[in-house]
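There are two complexes below, and they share chain A, which is joined by chain B in the first and by chain C in the second.
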Partner chain A sequence: MTNTESSPANGGVIRLHEITKAFPGVIANNKVSLELHNAQVHCLLGENGAGKSTLISILAGLQLPDSGTISVDGTPVFIGSPRMAKRLGIGVVHQHSTLVPGLTVLENLMLGEPGFRKREKLAIQRLEELSDLLGARILPKTPAAELGLGQQQQVEIAKAMWTGTRLLILDEPTSMLTPSAIDALGESLTRLTARGLGVVLITHKLREAYKMGDCVTVLRGGRNVAHLSVERMATMDEDSARAEILRAMFGDELADMDDLSEAEEISGATVARREVSRIDFSSAPVKLRLDSVTTGARSMDASITDISLEIRAGEILGIAGIDGHGQTGLAEVVAGQQNAFRGVIELNGADITRLGVRGRQAAGVRYVTDDRLHEGTVANLPVSINLMLKRIGEAPFWRAGQIDKKAVNKEAERLIEEYTIRTPSPATRVGTLSGGNIQKVLLARELGEGSQVVVVNKPTAGLDLKTVRMVHDVLRDFAAGGGSVLLISTEMDELIQLSHRIAVISRGSIVGMVPNDGPDTAERVGAFMIGGAEDGAA
Partner chain B sequence: MSQLLTHTFITAFIVAWLAGAMPLMLAAVGETIGEQSGVLNLGIEGTMLVGGYFSYVAALHTHSLWLGMLAGGIMGALLTSVLVILSVWFGLNQIVIGIAVTLLGGGTTAVLFYSNYSQSTPRVPPATWNIPGLSDIPILGKSVFNQHGIFWVSILLMVVVSWLLTRTNWGLSVKAAGQKPLSLDAAGGSVMRTRSEAELLAGFFGGLGGAYLALIATSAFTPFMTAGLGYIAIIVTMLSRGKIYLVAIVALIYGLSVASGTVLQLTALNVPTDLISMLPYLVVMAMLLVFARSVYIPPALAAPYTRGAR
Partner chain C sequence: MAQRERSRGKAALYLVIRSVVPIVLALVVAGILMLTIGKNPIAFYTDVFNNGVLGGNWQASAVLMTPLLLVALGLVVVFRGQLWNLGYDGQFMLAGVFVAGLAPQMMTHYPVWAVWIGLTILAVIIGASWTLIPAWLKARYGTNEIITTLVMSSIGIGLTNILVQYFFQDPTVAEPTTGTMTTAQMLPNIPGTRIHIGFIVAIVAAVVLQFVISRTSFGLRLDIFGSSTKAARHVGINSTKMIFALFIISGGLIGLAAAMDIFGQWGYMRTNWNPAYGDMVVPFVFLARLSPLGCIPFIAFYSIFSTGGIIASQDSGLSSKFLLVIVALILIFMSITEYIGTKRDLGQSYLPDELKEVLRRPFDRIASQGARR
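Up next, the complex of A and B:
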C-alpha cells in the first residue's frame, strides 16, 4: 500500500470550479477556477492575503469551500478532511513545517499510516525509493529537530508523496532557501513531473514562478486575475511575461508606484541585493555588545549558547537561521525579558546585563516581537494605550499615578500620523486592526523617543507587500539616523536587502558571520546554515 | 535494631514497598498515556477513588478480586469519559473539568460509602498466588513471589502499554497528538479520536490504580483513601517524560518511602507518626526539586485542538 506504481496518467486533471470561501469580513476566494494538470508545474502567484493559502487548504481538506466544485478526471469529489485529500492523491507541503520535532524522520513519515503495528522495514524501503526520486539522501533515524532546512523540506516532500501522490502542492517552499537549494528543489520537481506527477507551486516571488512554472495563475484579492497557459508561457520571453504578471498582481496599484521596477523589486522579481555600497563601520561607535552570552532556557528556540556580537551605530545586523534555532532567546536576552545565565551585555560601553526590561527600555534598547498579537499588544486595549504600553506610569502621561488621557491621546495621534497607522481613532481596540497596522503600532512604540538599539523579530511575516516596504523603509531610516538594528528574519531576501552584515544562528549559537558585500552573500549564508547538518540538500 | 534484619521483617518490608508503589505506578502509567496525547487529566484523583470504590463493591458481591479490578478499571474509564466529551470534543478547559472530575469522584464515592458500608465496613479477604519453586526462595519467595496474580497482570499490562506507545502506529499518533496535533491532522490521522482513545485508556488505568489500592494494598475502601496519590501520579508522569520504565522506577522510589515509614513506626525509634506519614510526600517534593529541570511536558498539553485555527 506504500507503492506508488499507480503512476498517474499524463492526461489527468484536477479541476476547481468557481470556488468561493468567505471568512468574517473578507472573501478569501471569490469564484476561483483552476485546472491542475498532471506532469505540469502550475505556479500560483499572489501577494499575502490574495487567497493562495485558503485555496490550498480547501484542496488539502483543511477548509470546506462555501460554494464551488472540485472534480478529479471529470468525477466530482468532496474533500472533507486531509484523509480524503490523501486518498485522492493530493499531498501538501505546508508553509509551516508539519514535522513533529520530537519524532524521527521515519516516524514522521509513518504518521497517519493505516495498520496497527509500525512496519519500519517497509517504510525504510519506501524512503529509499523516494530519496532516489528526490535526489537527496535522508537518514531515517535522525530526529526531525536536527534536520537542516533543505533536508527538512525534502522530508516534507517525501511525506507529502508517501502514499503515491498524483498532485503535490508546495506552499511557499523557498523563503529561506539559498539560490542553489532552490535550484536543487527545481531539479527535484522536474524529476517528479517527468514521472507524471502534477505540482502546484505557491509563491509570491515572480522570478521563481517564471523559472520553475510551466504555467502561471495570478490571484489578487481572492480572484483569479490572470492565467498564462503553457502555450503562452512558451511563446513569451521573460520580460513580457514578467510585465503581464506584474500588471495582474498589482492592478491599479501599479499606477501608484514610480515605475515597473519598484513593483518588480517588492515582488521579488529581481534578485535581492542591497544597493548600498560597502560602508565602513569600523570608525562608528559600538552600540550594542554581547560577550559570550548564554541563557538557561529549556526549549531550543529560547536558549542561546555563548553568543558574542557587536553592532555599531548605523548598522543593521541580520540574523539568519532556521526558525526556532534560538532567535527568540537572542531577542529576549537583549530586550531583558530573559536573564543571561553567563556573559555580559553592554550598551554604549555600559554594562546593562543586570538591567530589567524597564531599565533597558529607558536606556534605549527596544524590542519588536514577532508575536504581535499576544506578546506585543493587548488586543482589548485601545490603540493609544498600546502605544504607551512601555511607558506606563511615566510623566507626562501619568501624573501622581493618574493617567492623563489628554496627553496620551495627543501623543498617540502624533504617532498614528507619523507612522500612517490606519485606525478609526486612538480609542479603537488594537485587536480590530489589520496585521500591518498592528505592526506599525509596535514600530511606533519601540522606535520612538530615545531609541538606540532595536531588535526586530520577523518584522514582515504575514504582511502585505506595501507594508513590508514601509517597514523596511522605517528600519533603514532608523539605522541611517544612527540607530542600530538587530534584524532577525527567516526571509533571505529581506536579510539581504536590509543588513550590512548577516550572522547565522544554529542551535542557539552563531555559526558564521557574512558581510553583505556581493552577489554571493546568500550562498555564503546558506553554506553556514547547511553546515549545521551533516548532509545538505544541495 | 537487629529486628530490622530478620527474614520476616524484610519480607514485610518488600510487601509494603510493592503495595505502596503499584497503585501509583498504574495510575501514573494511565496519566502518561493521556499526557502523551496532549490531555492533562487532573481528574485522576477522582478516577482512582471511583475505581477503588466500585472495585470494592464488585469484589464484595462477586467474591472475585479479578472482577473487582475489572469493574474499577471500567468505572475509571467511564468517569474519564466526562473529560473526553467536555474537554477533548468540546474544547472546554482541561484544568477546570479535571478538578470537577476529581471533586465528583471523591464526593460521590464518599456519599455512597457512608450510606452503604459505614456500619458494616466489610473487608475484602486477601489472596495470594504461590509460584511453585520461586515461592520457596527465602525472603523474595514470601514477598515478591507471593503476590496475587493481579500483581503480575498489572506488570504485564504496563509492558503492553510501553509496547503500544513505542511500537505501534497508534503510539505514534498519540505522540504526534501531544506534540503537534496539526501534523497528525495533516497526515490524515484524527486528533479527536486519538486523544479520546488515549484518555479512555488513561481512565481505565487510573481506575485500576484505585482498585489496586483498595483491593490489594489495603483490602478495603475508605473515603478519600488516595490522599493525593492521583496528584503524585501527575508529578511522576511529568518526571518520567513519557517513558514507562521511568514511571516504574519513580513509583518504586515512592513505594520505598512508604515502606520506610512503616518500618520507622515499628522500630523502637521515637519518631512522631505525623512526620512518618509526611515522608512519601517529602520524597516526592525532593524528587521534583532535584529533577525539576528535566520535567517534560508535551508542547500541546492541555491545548484543545481545532482544525483550521492557527
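Up next, the complex of A and C:
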C-alpha cells in the first residue's frame, strides 16, 4: 500500500493479443488486439454492442476470453477473477455506481481490503493522497448516499485506484455529468497520466474522445476497425480525425445516411438542438396532472415532495436532474407502483390517485422503467411472455385462466415485427437479447394499445446509437399522435432534442421549469441543477 | 431450426446430467465410506434394490412415496416464489394429529367415506392455517420466514404431543397414543396392489400443480414473483396476496400429505413420532429444479432407497441413520455441481487464480529457460 507500489513505471504496456470471445449467437470480440501504454489516455470508441464492455470485463477478470492472450510488460498473465485484475493493478470504474449508499466514503473504499483489522488511519492518509492526485476534495466520513454525482464519480475512481492501480478503466463516465463536471474529470485524468498511470476511456461520444484521448481505437461488430496512434492524433486536426473516426464507426452504413452530419449528430459529435415541433399550449388539453404529490419512501431516489405538474396532449415534458434525486419516485408514483402519501393525480381530469398499477395500466398510464433487466423484464422468461407481462390473465391471451400460446405468439410476432426486435424467436429468453432489443420489448409493451401517458425513465441509457435514434423517433411519434410523455433523463442532449419543456428535479422537488425555446436552454437547466443540488459537480 | 432443436436437446441433457451427477457421486462416496468401516457397498446397494423394488417391495416404496411427494409439492410451490417454508414438520404433525385423533370416534357416527373427505379437508385447513402467522409477518414486516416457520414448526410439534396425550388419548391403552383405525376404516388399496389410493391423489396433485404452474396466469405470476420482486411490483402483482396464497397452498398440500399418510399407512398417531418427511425431500425438490412432475422420479428414487435401505442397513449392521449421511452427501455434491455449473454458465474458470498461478509457475519457468537457450 505504499507509493512505490502504486506509481507504475513509465513505458509499461498491457498488451491484448487477438482476444476472441463468443456468446451464443454473437461474437462479442473477434481477434481484438490492443496496446495500453502507461501515461496515456486510450479512448475506446464504438457503439453499444460493439464489444467494448466485453473487452473490459475480460481485462477486469469478470470473463475469460475464448482465445487470445494478455501480457503485462511482456509477461503473459491469466486474469481469471477480479482479484487477479486488482493484483495486476487494473482498476475499473463501472458505468453504474458500485458504492454502498449506507456506508461512508472511507468504508466504501476499504471494502475490498484484505486482512482482519480495519486500519483507518492508513486509509485516511491514502485517501488524502488520492484526493490530491484527483484534484478533488473527498471527505472520508460522508455517507456515500449524500455525495453529488461528480463527487460520487471521484470516489469511484479513488476506489478503482485504491490498491495501487497502473491501469484505470472508465466505462462511459461522462453520460451523466454536467459540462463542468466533464471538464473536471478531464483535468483529473491529465493529472493521473502525468503520474504515469494508463487510462482507458470508454465512450460513444466523439467530441469527448477527441478532447480527452491521446489515442483512439474504434470497435465495430466486435472487431478492431481503426486505430489512431498518438503520433497521428497529434498531426490531424479535429475535423479530419472526426471524419476518419466516423467512417470507422459506421462503415458502410455511412453511405445510407444523407451526409456526414447525420452520423455526427447521432454519435454526439455536435451540440444538441431541439427536434420536436411546436405544440399549441392553449388548445391542447391537460392529460396528466399532479397536484402537490408527496410520497413517504425512505431513500432519496424514491421519495418526492410536493410535486405539481401538468402534461398536455402531444407534449414531451423533460425531467432533468442529477441521478438519484427523486426521479424513480416520480416515475413510480405516476405508474402506481408507489402510493401518493399526499396529493392528487389526475388523468384527463379523472382522479386516479387510488388506482394501482393494473388499474392505471388499463386507464392508459404506462411506464418504461430504467431498470430494464430486473424490473422491466424477467430474464428467464421468453420474449413473448415479456411482451405480455402487463396483460397476464387478459383475454384473448388467457382463456378461463389458461394461456393460449398461439394467441400470445401471434401478438408477440406482430410486436416483434413492428418494433424490429431482433430475436431468434418469440420463445427466446429475453435475458439473452442485447440491451437495445430489450428496450424495444419494453417500448412495444408500454406504447401499445390504449396508451395515453407514458413515463420513460432514462430510455436510452446504454443503447447503441441506432437504437437511441429509434427510441427518440418512437417517443416523438407517440407525442405527435396526441400522447403525453414524461421523459426522465440524465442526458442533457436527449432532453434538449426531445422536450417541449424541461423541469429540473432536485432532492425530490421540482426546482425550476425551463421552456425549451432557445440555444441557452442547457445553461438555464444547468443553473437550476447547480442551484438546487449541493455541489454535484464537485 | 434443426440446430435449435439439437441445442435444446443438449440443454435438456445437460439439466439431467446436472441433476443426476450429485446422486451418483453421493452413492460412490457413501460406498467408499462403507468400505472404510469394513462393509461391502455392492452388497449393500444390491440389498437396497432387492428390498426396495423386487418381490413386490416396490409397493411399500410407493406407499412411502405418497406423503413424500405431497410434501415435496408443497415445498415446490413456495420455493418457486423464493419463499422458504421450513415449517413442514409442524404443519404435517398438527394436521395429522387431528385426523388420527378424530377419525376413530367420528367413524362410529358417520359413514367412513364422509369422514375421509371431511377430515382430509380439515387437515388441509390446519396445515394451511399454521402458515398464516409466518405469511403475515413476512408480508407486513418482511420478517424472515425461515425463522418464523421453524419456530411455528416447533410449537406445532409440541402442540401435537399435548393433543395426543390430553385430548385424543385412547383410554384403552397405557401408552400415549390416539385411537387406532381398523383396516376397513383406512383408505382402500388400488385393486391388485398393497398401495392405498392416496398414492393416486399424490400423482394427480403433481399433475394438477404442473398444469397450474406451466399453463395458468397464476403460475406465470408466481414465476415472475419468484424471479424478481421488482418485476412483480412493476407488473402490478400484489406481493401480500401472493405471499399468503403461496404459504396457504404449501401448508394445505402438507396437510393433505398428513391426511393421506395417516388414513393410508398408519391409522393412528403416538407422541414423539415425527417422520420428518420434509427434511428428506428438500434436496430432491431442488434436484428436480422445482418442477412438480420432475419431483416424481427423484422422490421415487428416495422412497425405494429408504424402503430398501432400512432393511439393508439392518442386514449389514449399519445404523439406519446412514441413509441421512447419503442424503447429506447428495446435498454437498449438489452444491458443488451447482457452483461449477453456474461458473460454466458465466464462462468463468472453475479454479481460483492463485491455485492456477501455482500450477503454471513451473511450466512458465521451463518455457522461459527453453526460450533463453
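In the analysis below, the second predicted complex is superposed on the first by the 377 of 538 C-alpha atoms of A that agree within 3 Å, B and C clash if a C-alpha of one lies under 4 Å from a C-alpha of the other, contacts with A are read in each partner's own complex, and residues count from 1 in each chain.
Methods note: contacts are C-beta pairs under 8 Å (C-beta built on N, C-alpha and C of every residue); 3 or more make two chains touch, one makes a residue touch a chain.
Remember, predicted model here, so these are calculated numbers, not experimental data.
Of the two partner chains, chain C is the only one that A:T369 touches; chain B does not reach it. In the superposition on chain A, contact is made by A:Q63 with both chain B and chain C.
Applying the stated contact rule after C-alpha superposition, one finds that A:I385 touches chain C and leaves chain B untouched. Contacts of A:I403 after superposition: chain C is touched, whereas chain B is not reached. Set side by side, chain B and chain C differ in how many residues of chain A they touch, and the one touching more is C.
By the touch criterion stated above, A:Q361 is placed in contact with chain C alone, chain B being left untouched. In the superposed model, A:R83 lies in contact with both chain B and chain C.
Using the contact criterion defined above for the overlaid structures, shared-chain residue A:V100 touches chain B, although it does not reach chain C. Within the superposed three-chain model, A:G393 lies in touch with chain C and out of touch with chain B [touch as defined at top].
Counting contacts as defined above, chain A residues 62-63, 81, 83 meet chain B in one complex and chain C in the other. Touching chain A in their complex are the following residues of chain B: 167-173, 175-176, 179-180, 182-190, 293, 307-308. Those residues of chain A lying in contact with chain B across their complex are 57, 60, 62-63, 81-83, 85-86, 92, 94, 98-103, 107-108, 110-118, 159, 298. Chain A makes touch with chain C in their complex at residues 21, 61-64, 76, 78-81, 83-84, 335-337, 356-358, 361, 367, 369, 371, 374-381, 385, 389-390, 392-393, 398, 401-403, 424-425.
Within the complex formed with chain A, the chain C residues making contact are 4, 215-218, 220-221, 223-224, 227-228, 230-231, 233-236, 238, 346-349, 351-353, 356-357, 360, 364.
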